[in-house]
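Listed after this line are the structures, all set down as structure tokens.
Heads up, the next two complexes both have chain A, just with different partners, chain B and then chain C.
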Partner chain A sequence: MSEVKLLVVDENSKLFDTTGMFYKEFDSDFRQIRYYTLLVVQKAPAEIKEINLLEQQISEIIKNAVKHGNKCDPKKKVKVWYYFSVDKAHLIVQDEGEGFKDLEKWNDFNKKRINCFVKQNFDEMDKFVSFKTNQSDDHDSGNAMFAAVEYWNGGVVFNKKKNGIAVLKTFPKKKHGLDMSSL
Partner chain B sequence: MELKVRKFSSTYIIDVNGEMDLYNSYKLKELVLKMIEKKIGQFIINLENVDYIDSSGIGALIFICSHIKKINMKLQISNIHGSVKKVIELTKLMGYFPISNSIEEAIAKIEQ
Partner chain C sequence: MDNFLSILLHLTGTNFLAILLMGFFYFYIKKRTPLPPLYTIGKIIPVLLVRELLFFGIGILNEFVIAEDKLPVYPLDRIVYIGTELIIIFILLRWYSQYTGKKSIYTPFIIINLILVVMVGGDSVFHVIYNITFLGKIYPTLFFIVNYIILSAFLYSVSEYNTPNPSHIMGTRTTFVQATMFLNVAAILLLGAFGQSYNTPFMRLIYLPAYYLLYIYLIYSYIHFYERAEKQRIQYLQNDLNSVFDFMQNLGSAIAEKLELHQILNFITASAVKSTNAQAGSILLIDEFDSMLKVEAVDGVFPPPYQVPDRVKVKISRLQDYFKSQPIKLGENIFGEVAQSGKPIFIKNTTKDPRMKQNTQNDTLFVSSFIAIPLLVSKRIIGVISVIKRERDRVFTENDYDHLRTFADFASLTIDFILTYMELIEKREMERELGIAAEIQQKLLPRKLPAMKAGTLAAFSIPAKGVSGDYYDVLQFKNNRFGMVICDVAGKGVPAALIMVMIRSILHLITSAEKNAANVVTWINRGITGKIDIDRFATLSFLTYDENTGEVIYSNAAHHPLLIFRHKTATIEAIDTEGLPIGVERTAKYGQKRFKLSKGDLIVLYTDGIIEAMNPAGQQYTYERFTNLVSNNANLPPDDLIVKIKADLGAFVGNAPQHDDQTLMLMKVN
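Moving on to the complex of A and B:
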């Protein structure tokens, strides 16, 4: 059975603790999203980049803030806190938008999607492959957060206004040297 | 991202080269729609030379897959690997997308 992972609202989550994290502030320029992402991800050790998977997952969160949060308004900023080590990636992104008002609808939608996946009912799944709202446009794919809740295994948490998101991923520690346990 | 089209028997193979991201993935959708207008009905999207895909790229593949299913045409997506495969797995679309390990396997599935 596939566990259904949820988007959570918890202003007091420890994932919002910015202590010891790096900080950058970006304009809401859609054309620069991948560049902003590279500025953040360059701090990550190669061991956790998984070629470019970490970059891709961070890019989705920055894109949501620039596009859906700030509506690409050049007067609005995106604030990013980040910390990386060989066993952890921690990111907080806050925009100046109205917040993700459809969060509960998204959780319900994702439950139905996972249910189709568990039953391997791909005809029914056709209805749940893209989460669209009345704010979505033709370029919105509506699938980024499906992968995000799976990738960020330490949680995906929103602040009370739902315009700030904190995510954490932990990586298994790599063993170095010889394994002596079997000797 | 660069798109090249070649033909094998009555199947059209679209070789995607480069990164499928938020700035360019719409081009693949547009190309497939144009090909459908020209009554082409058998497609392979070859991702052998794609090392990066984001949700827009996944969205383009969903759109194409869903559209082709509705009009009863045939599609295979071939040679996914690395982080492209990982993103498709995270999005739980491995069973939803018609995936083949190679062009040869894709052709065999389409022409059977």
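Moving on to the complex of A and C:
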């Protein structure tokens, strides 16, 4: 937790490589976000244990695209590429919006938040619980991306326009015991 | 002649006989009990032999060579006796240290005996003390008594808690101490009061051989203790076997009751504690995800054998919680060391090992003796089992250590077996659930499509392994009317199959009264939405077809639009109606469209799995390729068209695994 994870902008990141990924296009219909999420997550193999957590994290990203990216404009689409295996989950979501303009502000905000935590300064931390912009409404908790940068341990990367996000989660392989020769 | 006889007597006397006997026992026993301390005791024999030969030489010198008035004032035989006796004392010390492993025991002896050597050396030149009638004759014996008192104290400090295999010392020490005291006190009387010297016939033929009997006893007792140790070993093995057998039996019934890993680990830990007479025990297993050791079972009060924060030490319960909650990296602290090296650690006495420094104080952390054994299966480390003693002056014996090692072998196999078995069960359960879902799905699909008067129906549905979300059905109503439904439930497994069952039930129930397509879809949506806790969604197309009029009424809940191949124009039309997927909103409204089919027209209903089928290069089959294929082959009878589509799909996908159900339904107007 003490290591500050950042949102990165890197158009050429390997995470944007869609080779071999499934693809779907969704309308910007806020009501259907859970359905879209389920359509995506159903491709995940049954071996992935914390499927609900994965579902929730994917839902947040699609929600951001529909709500903050496309502003729920029915003319705009959300494109989703996704791939799951026993040891990883890879997702790319792109909307037709203007991009996450406050990305640097968010990074700065998160840095301060984590510094408060490291210093155990909880009074100060109170100010950094929720990231809001002038576009936020009462339904926005303002903390979905804090969880996202922790969850997507393989990286959270934006494209240049910041309207596309690629995330990767790797799952540890389950095993009992360790080969002595590997030690 | 008399002198010669007396010399002969010396040579064949009891002294030599005793040494001979000692040698005989030594070589006899050495063959049967090859023990290093015995070899040390055996070194007394050559020393005694040298002593006797020197006595003999001195006898000859005194009798034949040196004139009576030239005899040395300080007798040579005393020097020989004192010298050899000192050597023997040091041999006995070496013997003792072989048992206890103590190295720094020689200092008091060296100091005492240096004084003795200086006194004797000085005396043989200046004859000061020697001339004091009584004391002069006995003071070396007094020094020997001091030597033997210290040695006795050493011997009596030996116990099973501080010395491995102490039975020989413990069994012989009483006799040894009594005999040395008696013989030395006797020597004081004989030398001081009865005018004997070491080279007189009485001393050499009675006193010294009596002394030698003591060494014979020490040597001979080896065989006795060796046999007893053997018996104990057999007894111990028997106990080991019994306890493993008991363990197996109890474990067997524990497993038969319920295969619960923690319960079994607790049972194994408790058995380890019981069979080693420990106060507490624990099992740590390597975590299945992050390669750290985690405490999985604890029996008794087990203080962590590593540094803990002070605030934790104050209460046993906190200490226990701390111990259970701290994962241990491989290589970190003593448990990590055992796991990383795969080698057991036995710390008999914690005060002597720096790794246990924190556990030696008189507080909650106190541990007196510690054993940790790696749980290994072939070359895989699965964890560590450990037992501790927490009583002052009570430590584990070598037997306890050996026993736990045998026990750990067995425990690792058992734990490994259970873990593997549980993984298997988990996998089986997962597959079983998917299997159940697939079975439900297969049972819902119509076994046989109804025959039409003026049309032909054809359909296929290929489930993907572990998905089972597609459903299609054809319902036959009165007056040559038919209902057709295709549905793709999001999600998979039993929950998805249940939705399918619900949709099918609602459909069959309401279509007996309600034939309006939009109303049917609306009813299905109402039936599904908000009825169950978890969100479930499906896309669904429903249409009715009247053979008499050729009219289709179609309503769509966000499924792929209905495709119609128009025979007349040889083009494909896509028809859609407004509506959300089933399950999104309870009050969702669904539109419907009416249109007529003519002769040769073909309607096509399909699911995602067809157009999103993926080849090994990650490319999708696409809507375009699908509709082109349908257009180009629309003249074929539906059954043949299906064969064609399947073949093309198969050729495209190649050996890539099917990731989604593929369902297709066709109806052609004849």
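What we mean here is this: the second predicted complex is superposed on the first by the 172 of 183 C-alpha atoms of A that agree within 3 Å, B and C clash if a C-alpha of one lies under 4 Å from a C-alpha of the other, contacts with A are read in each partner's own complex, and residues count from 1 in each chain.
Just so we're on the same page, contacts are C-beta pairs under 8 Å (C-beta built on N, C-alpha and C of every residue); 3 or more make two chains touch, one makes a residue touch a chain.
What you are looking at is a predicted structure, and each value in this text was computed from that prediction instead of being measured.
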| item | value |
| --- | --- |
| First (chain B), second (chain C), both or neither touched by A:9 | neither |
| Partner chain(s) touched by A:103 [first = chain B, second = chain C, both, neither] | neither |
| Which superposed partner A:114 touches (first chain B, second chain C, both, neither) | first |
| Which of chain B and chain C A:46 touches, first, second, both or neither | second |
| Partner chain in contact with A:72 - chain B first, chain C second, else both or neither | neither |
| Partner chain in contact with A:38 - chain B first, chain C second, else both or neither | second |
| Which superposed partner A:122 touches (first chain B, second chain C, both, neither) | first |
| Touching both chain B and chain C, residues of chain A | 31, 34 |
| List of chain A residues in touch with chain C within their complex | 19-23, 29, 31-32, 34-35, 38-39, 41-43, 45-47, 172-181, 183 |
| Interface residues, chain C side, partner chain A - complex | 285-286, 288-291, 330, 340, 342, 376-377, 379-383, 416, 419-420, 423, 430, 433-434, 466-467, 469, 490-493, 496, 535-537, 580-581, 583-585, 612, 614, 617-618, 620, 659-660 |
| Contact footprint of chain B on chain A as seen in their complex | 2, 31, 33-34, 50-53, 55-56, 59-60, 63, 113-114, 117, 120, 122, 125-126, 129-130, 139-144, 146-147, 150-151 |
| Contact footprint of chain A on chain B as seen in their complex | 21-23, 26, 51-56, 58-60, 62, 66, 69, 82-83, 86-87, 90-93, 95-96 |
